[in-house]
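Below you'll find a set of structures to go through.
Note that chain A is present in both complexes that follow, paired respectively with chain B and with chain C.
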Partner chain A sequence: MSDQPESFMRIVIKEFLGVGNWRWSFTNDRICGICRVQFEICCPNCDNPEAQCPIAWGRCSHAFHLHCVLKWLDTEHANNKCPICRQNWELRVY
Partner chain B sequence: MSLKPKPINFTEKWNNLQETVKGVITLDRVPRDAWNERFNDVYSMCVAFPEPLGDQLYDSTKLFLENHVLELLTIIQTGGTANLLQNYFSYWQKYSKGVKYLHSLYQYLNNQHIKKHKLSEAEVLYGNITPDSTEQMEVGELGLDVWKHNMIVPLKDSMLELLLDEFDKQRHNISMATSLDIISGVINSFVVVQEFRKKYPLELYQSYFEQPFLEQSSAYFKREAARLLQECTVSEYMIKVLQILKEEGIRSKKYLHDSTYNKLRERCRQHMVGDHLKILHGECEAMIKEERRDDMHNIYLLLREVKDGMNSLVDIFREHIKQHGIKVIESLKQEQIYIHFIEEVLAVHKKYKSMVIDVFDNDLCFSGALDKAFTVIINYKLVKNQPSKSPEYLSKYCDNLLKKSSKGMCEAEIDHKLLQSITIFKYVDDKDVFQRFYQRHLAKRLIHQQSQSMDGEEGMINKLKQACGYEFTNKLHRMFTDIRVSEGLNTKFHSEFLKSGDELSVNFSMYVLQTGAWPLGSLPVSSFAIPSQLIPCMQYFEEFYKEKFNGRKLTWLHHHCQGELKLNYLSKAYMVTMQTFQMAIMLVFEDHDTFKYTEIQELLQLNIEQFQKHINSLIECKLLLINGDNVSLNMAYFNKRTKLRITATLQKDTPQEIEQTVNSVEDDRKTYLQAAIVRIMKARKVLRHNQLVNEILSQSKSFAPSIALIKKSIETLIDKGYLERTPNSSDGYSYVA
Partner chain C sequence: MANNQNLSTSAHRALAHEYKSLQEEPVEGFRVKLIEDNLREWEVAIFGPPETLYQGGYFKAYMKFPADYPYSPPTIRFLTKVWHPNVYENGDLCISILHPPIDDPQSGELPCERWNPTQSVRTVLLSVISLLNEPNTFSPANVDASIMYRRWKDSKGKDKEYENIIKKQVVSGRLEAERDGVVVPLTLEDYCKVSSTARSSTSAAAMDSDFYVEDYDLDVESDANSEDEYQDDATDSGNGES
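Take a look at the complex of A and B:
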């Protein structure tokens, strides 16, 4: 059908405005375990909504905003553990 | 002439000095050399040898002055009552001036002899020592003191009577026998004779004149009030009282010491207003109901400085606005009710705002009453137990203004109306509900490219931000960001696509949105067989996006997409903008004119709800015809315009959507409250129920949580093990770490 020249077609799409949304494909969690904000949205420490706020996914399969988890790891009692399961925190490379 | 101390013959020197003193005190001519010589005599007496004669000089001077004043007193008394004030005043003028000169003549005595013995200022003000009468004063002060004891004290009663009589005459518009400067001069003398005193300098003025004067005034005010209330209406009474207040003010400024001004007006207010509050308050309701502006202004002027006088006026005013507002809301036309609601409520607001400014001098009490009344009006529940509709109406109102369709209004007018809607917004209790509606409306405007202008949209968001803070508009900002980022993405897509040499048959563009920021629901509403004409460009874009953003999953939201179809089968070519599902239905008819209803649904794999909704919209606008089970293309379709848009009916808020919006707010509130409670308890560890509730209420800005909801949230948290009831008290909670 799309091979036919346009003039022979009775109904033709001239313009299309698509709408879609995106989310991270590598995790089933929708929100950051620390700040409880959706991953598609930057963490509360980023003032600018356009800021690049990457996601950090641990080997323990828990995911956080990178900013949030770094802030956690910086605290005294973190001991380099995941704040949810207390396993050693190791970044999974994707 | 030598300054050396030497023996002095006091009697001889004093006789000389006395002559000069007499000249000075009566303002007679005193030759300069005599003055100089006497000045020296005072010095030499003070330093006399073998014994200083200062005390003796002081006593003699005092005695002299006393005798002098007594002489004057006799003259004044023989002058008769009619001339009393006049005579007193003229002798006082002369004497007070003379005393000043005398003070200079005795400078050495003042500075060297008397100052030494005098109590310091601090001792007088803060010590327990009261200066006794035998203490020596500087000569200027001595002169005034002598005048007080030997002139004012004997005359005080007769002078007071005369003075009060004069005031009485004036109040009754009878011409006065004595001129202004004499009266004020006499009264002023009461002040001046004690002005040098460090402690209670006004004592004499107050006890000899002010107190009796105020008493007399009080009696006058009481009489007047009683008389006027008998004779005239409350409106007239108020005018009269204001007049009297003004006159008394002027009178006191003219004749009396400054400190009396407030006391006198206070008396007047007390007896003419405070004592008759009941009568005045009784009139409030009627005058406000009838909006008699002059009366309202007058009563405000009268009551504002009476303690607790204004409360009931303020209450009645608030109640009046409230009733008016609710009446307006209850009688709104149903069609386009949101416009009527906002504009008529605004009209009421404007009316009373200007009343507060013009009639009540923009008094804080009254603007507060206005605010309170409007909080009630705007959050008024028309149907019991149902939330107020105002957040929804307000958002719709803004939507209507920001949409392309608001033709015929210039930008400034739209801007003005938006600014006014902020006035309403500030009164809305359920700001979070408004936020939800606004977000939905904004989303629709952005996605369907319905915004009048992006500047207008941003302007409005900034206004909301000013009124309610960054957090409130955060999500709205994100939506803007998405649209802007998507525009860049489209440009990139097209330029890369051009390089590949392929060509797209469709003018394609795309909005890619952050899932959390839009109130759209993140899942597709129905299964859907994408029309073949669309497949290539969608595929290209998906590939492009995957390459650009690794790790992101793109989901198409077909029910939000739209496009433009060109219809070639009719007498003229039409360009019709419609939504994807409508497009897909139309495209089915490319090869055949007629299909079975169910056949189309099967072809498109749409669920029944979506299919019905969209096909009905096409039948409604006559692009398709339905005949029993058959749906066919309307080959005779005609419209004057060749460019159409048929999405409008689908974009309207459905009742379900509205309900959904309200419900989603409810969920948000629960989450918010739980978070707030945990935060508070984590900081406080232990709190009583009421304290906790108060803290929560003070924290939540975007809505007013009901007590029931707070209780529920606390229960939930106890169940979840965040809190527990404190064992020993009946209504306390403690935080479980």
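Take a look at the complex of A and C:
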């Protein structure tokens, strides 16, 4: 380092910002079948992009944004069925 | 976009998302556009599938979405005159995928054939295209067309009344396509072409970027000693030397 020419700029890093990347691994689908938005991103029902938007996994093994599937189950014609396989929707709890 | 104000935000987002993806990756057999920039009203053009009576046909339809889409189904009304067992006199289309899945044993439609929020414009329009050539005569919207279709089908094409009407409509559809400046795909190859080129170009782009990243990593590895500055951000922050 010492024999570098004077004009060489030396940088002292005072601070740095780490960026992480994460992904759910519980399902092969990367997007919610109802809103078609990625599971890592909150659903269109959330106004704030920082909102807590949990994932709901049914006993039938299909997963949706919790908000999306609740909104569906709330409609008069949902009949408590999974929108994909039409088995009874039962939330898996861990 | 004042027209979109009465649309719930999530429906607005879902429709904007679907519209964008259909523009970027068109599906064979149809094109969509918005009516007056209103996300809730689309004009769709359906091309008759090759090697069927409908080959070369051009059918325009109006698609209207409810404020709670995709939790409730859209409706479809043909703007082009369509003589078909499942299309009403006024152009309204009757197809199970657009009916909410209520238990209605009278209808003869199974709940699994009906609307659910995982359906999309794509799946609906593909069902419509296949319904064109394979009408459902169990619950016809146009009884006369249904009887005529059965006669044509049962006589194995000898009774040509149905066929002739469809052919006439295909011809008038083509004239309309000409007026609209639209080229209707006639062969199977052309029918599938637009979408496959669009699709392969996007996947090629995606692959390119993947390859780029891989090459980049290899480069960094092999020249790690001399080219520390060129490491990507993630590695940089890990090795932050001061």
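By definition in this document, the second predicted complex is superposed on the first by the 73 of 94 C-alpha atoms of A that agree within 3 Å, B and C clash if a C-alpha of one lies under 4 Å from a C-alpha of the other, contacts with A are read in each partner's own complex, and residues count from 1 in each chain.
Going forward, a residue touches a chain if its C-beta (ideal position, glycine included) is under 8 Å from a C-beta of that chain, and two chains touch if they have at least 3 such contacts.
Small disclaimer: the values here were computed from a predicted structure and weren't measured.
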*Could you look at A:77 and tell me whether it touches chain B, chain C, both or neither (first, second, both, neither)?*
second
*Give one of first, second, both or neither to describe whether A:86 is in contact with chain B, with chain C, with both, or with none.*
second
*Partner chain(s) touched by A:17 [first = chain B, second = chain C, both, neither]*: both
*asked:* Going by the contact rule set out at the top, does A:9 touch chain B (first), chain C (second), both, or neither?
replied: first
*asked:* Is A:38 touching anything from chain B or chain C once the two structures are fitted on A? First, second, both or neither.
replied: first
_Considering only the contact definition stated at the top, list the common interface residues of chain A for chain B and chain C._
12-14, 16-19, 37
_In the complex with chain B, residue positions of chain A that touch it_ = 1-2, 6-7, 9-26, 30, 37-38, 40-41, 49-50, 94
*Spell out the part of chain C that touches chain A in their complex, as residue ranges.*
9-10, 13-14, 17-18, 68, 70-72, 100-103, 111-112, 115-118, 120, 233-234, 236-238, 240-242
_Touching residues (chain side chain A, partner chain C) in the complex_ = 12-14, 16-19, 33-37, 43-45, 47, 68, 71-72, 75-79, 81, 83-84, 86
*What does chain B use to touch chain A in their complex?*
447, 449, 474, 477-478, 481, 485, 505-518, 520, 522, 531-534, 536-538, 541, 545, 549, 551-557, 560-569, 575, 583, 586-587, 589-590
